[in-house]
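The structures considered in this document are given below.
In what follows, chain A forms one complex with chain B and a second complex with chain C.
Here is the complex of A and B:
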């Protein structure tokens, strides 16, 4: 089984640069980013697994090799409207609606804070890309392996998304407000105050522009690290350190 | 809110891209060029206004009376997708040469976050039918403003000398961030005073 590459090498936000809207919009507080990532993983895993199971119920053409997970990319522009595609959209949006209901029940404040971005998970570029038609065409009848692979791949991509969101939201909240907002547990009120920064934070980072800025620098740094690693591999000398 | 207020709010103050952060991918990652920008924004504005109207109808006549508001997301996603599909078929039938010149993938636009986001914002704002239509058009205009500014910045940046690790998308994102700061100048209270309240 191929190792899923969605976590580092094909990290959806930092390396491939898709799913940018939530990454820029809901990273003002760490807790928002946490719930958003949780929602994305929930929708992605359930949609892909149920889609694989439903496809297995159909009579699929035999004699095809199982397709390995392809790297992420921008698929939106080439998509055309078909019944299968509408069905996939329907699945994704239903799971999104269930996540909205769950969020409203367990974290009503968070639900109000995330607002429409929770509903937008249904048409998040990452979800759309992973369940798109072109990918499914080459896939054979869903077997246990296929479902397992779908599960593994969605968890890897979702974790990659979560890590990028965490990094961006940590930078934005620590520098922009001097706090780290987490769950309230017991006597811990849920907010960590970072000593000196909270007195005079760089508030600009909390505004929408800050999301774009952090995202841009994260993508740049990801690329820089990629460059450095590639150069090290090419030179294959231990003393070739980072530039 | 008056119609002028809606237009100013949704095109400048609450700009879809720069203030709500919706539809970021086509703005920073899509193909450049002014012709593509104009045709994409026109198609987006059309789709947004029709979808906002459809969202208003769905909400008023089906979801709210039957108490089915938890089904909002699937209903809106499917309606936007179907409207985009219908528009594409209609455009192919009636003005095939336009489609060839502009080359806008309508179905692709349907799945950018901006369209669904505008529908959700319009429905949550509790606007009536005409207002929803105007919200869609104004948001489309806002999308055009942001997209054309970003395209112009991109074209300018291509000939500049920049660090290689920032070239391309990272730099587009950073310039979008700076533009978002600039758009903070469109303050609601300031515009409201300028136009004598709405």
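Here is the complex of A and C:
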């Protein structure tokens, strides 16, 4: 069993460059990024785990069951492909709607601030990408290992998304507004004011263009670090002469 | 002195280094005029912009191990950033704008020659979006009494025209009616011309003509003196450092559009835009000759340059008349930079079709 790579090596935002819409749109405040990440993890984990559990209940027509389960898009007929996607999107939208209702109930201000981006989690590129990696509809019932693996992978990808959003939103909010907006806890009002920057912040970073700028630098730094690490590994490897 | 060098044996201003330094020298008269008008604050803004630009270039040189300080491009960028700042701006604005220009706009994309946006304009637009209030801190020009009015003519005209949609006789008349503080020298010169020359024909000039022509007006440090900018540009054009296509089509398109349609948003008829006033105010001339012609971020072929100039003229017109404020030139050129690759693709001379190849 391989370790899930979604956190660093295949980080959805910084390495694979998917899910960029929320990464540019809701990273103006740290709290927005936090809730958005939470919503994505919630939807992704529940969709994939419930999909893995429910899969076995669907009895495939005899003869169509693939002997070796492959990713959905390669093996299935168009009919079961459609059915599979419909089922998955149905699950994803159910959980997204649940999250939206929860958000409206417990954090109404945040719900207003995130706006349409909460509903859009259902068709978020990351959700679609990870869900499409799962096995075909007619595959045999998922084993415990598979469910565990789906859970691990979802959490890794979700955490990767969350960390990217945190980094972008921290840079944008600190430099662009001079504040860090968090939860109000006890006597702490929820907003950290960053001394001198808050007097005349670089407001250009709060605009969506500033979001894309930070996004580009995050992806660039990620590539740079990956490049450096790869080169070091190649240099440390002993020279393999012609045999 | 005998110099032995490999081919090609081409004389003249051809190396990047000499081109950049000659551009910097041609900018100096207009910058010096700004310092003369606004005094020490202008000098410190220019110095901070230049210093930050060179420091950022040095930093980038250390990071990328590619020392490019001597090619003069950082000096031109720093000078242009300083010249596009209002003289009363707090000093962190030119510093950040210069650093942004060099590190983000130029070096991050691979250094000089690989940047798709003019670095100086990128920095200035970043500052415009970030510190809109600081970018509106004007100082009175030398000849005007302090405190009586520090808005540049364009901003003053905009302020005078909000709400009042009545027929008028040109921008200078409007400014005169709203008691815009033209300098005492302007009053004397215009009165002398009116009484001694123009009264014979029954004409008269509105106040402010002399100030506008000479550049004795509040404005950004580098763009107040249009004659000195023209002087520098004439040298560069003569030495073929810059080509005529972009500035000429840019200015002509803008002036034609301004003259025809410029009166409409102010409630006047067609053809009453006052193109000359628009030409002499704001950073149009500075932008057209010194930033739109940037060889890195403008099209390669002659046809492309003509198209690009027209594009910039139209964009500047819309941004100046219908934008949220400012003179529209920096944003127009930055937007124009974005379409340069497309223009280059369409204006490419085609191999094997002589008619089109000649257009390049």
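To be clear about the criterion, the second predicted complex is superposed on the first by the 205 of 243 C-alpha atoms of A that agree within 3 Å, B and C clash if a C-alpha of one lies under 4 Å from a C-alpha of the other, contacts with A are read in each partner's own complex, and residues count from 1 in each chain.
Please note the rule applied: a residue touches a chain if its C-beta (ideal position, glycine included) is under 8 Å from a C-beta of that chain, and two chains touch if they have at least 3 such contacts.
None of the values given here were measured: they were computed from a predicted structure.
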If we overlay the two complexes on their shared chain A, which of chain B and chain C does A:213 touch? Say first, second, both or neither.
both
What is the contact status of A:122 with respect to chain B (first) and chain C (second): first, second, both, or neither?
first
Of the partners chain B and chain C, which touch A:150 in the superposed model: first, second, both, neither?
neither
I'd like to know which partner A:202 touches here: chain B for first, chain C for second, both or neither.
second
What part of chain A is shared between its chain B contacts and its chain C contacts?
204, 207, 209, 213, 217, 220
Report the residues of chain A in contact with chain C in the complex, numbered from low to high.
200-205, 207, 209, 213, 217, 220
Quick one: which bits of chain A touch chain B in the complex? Just the residue numbers, please.
17-18, 20-21, 24-25, 74, 76-81, 86, 89-90, 92-94, 96-97, 100-101, 116, 119-120, 122-125, 128, 204, 207-213, 215-217, 219-221, 223-224, 227
Under the touch definition given earlier, write down the residues of chain C that touch chain A in their complex.
90, 92, 96, 104, 108, 126, 129-132, 134
Which positions of chain B touch chain A when the two form their complex?
18-25, 28-30, 70-74, 76-78, 81-82, 84-85, 88, 105, 107-108, 111-113, 116-117, 120-121, 124, 163-166, 169-174, 176-181, 184
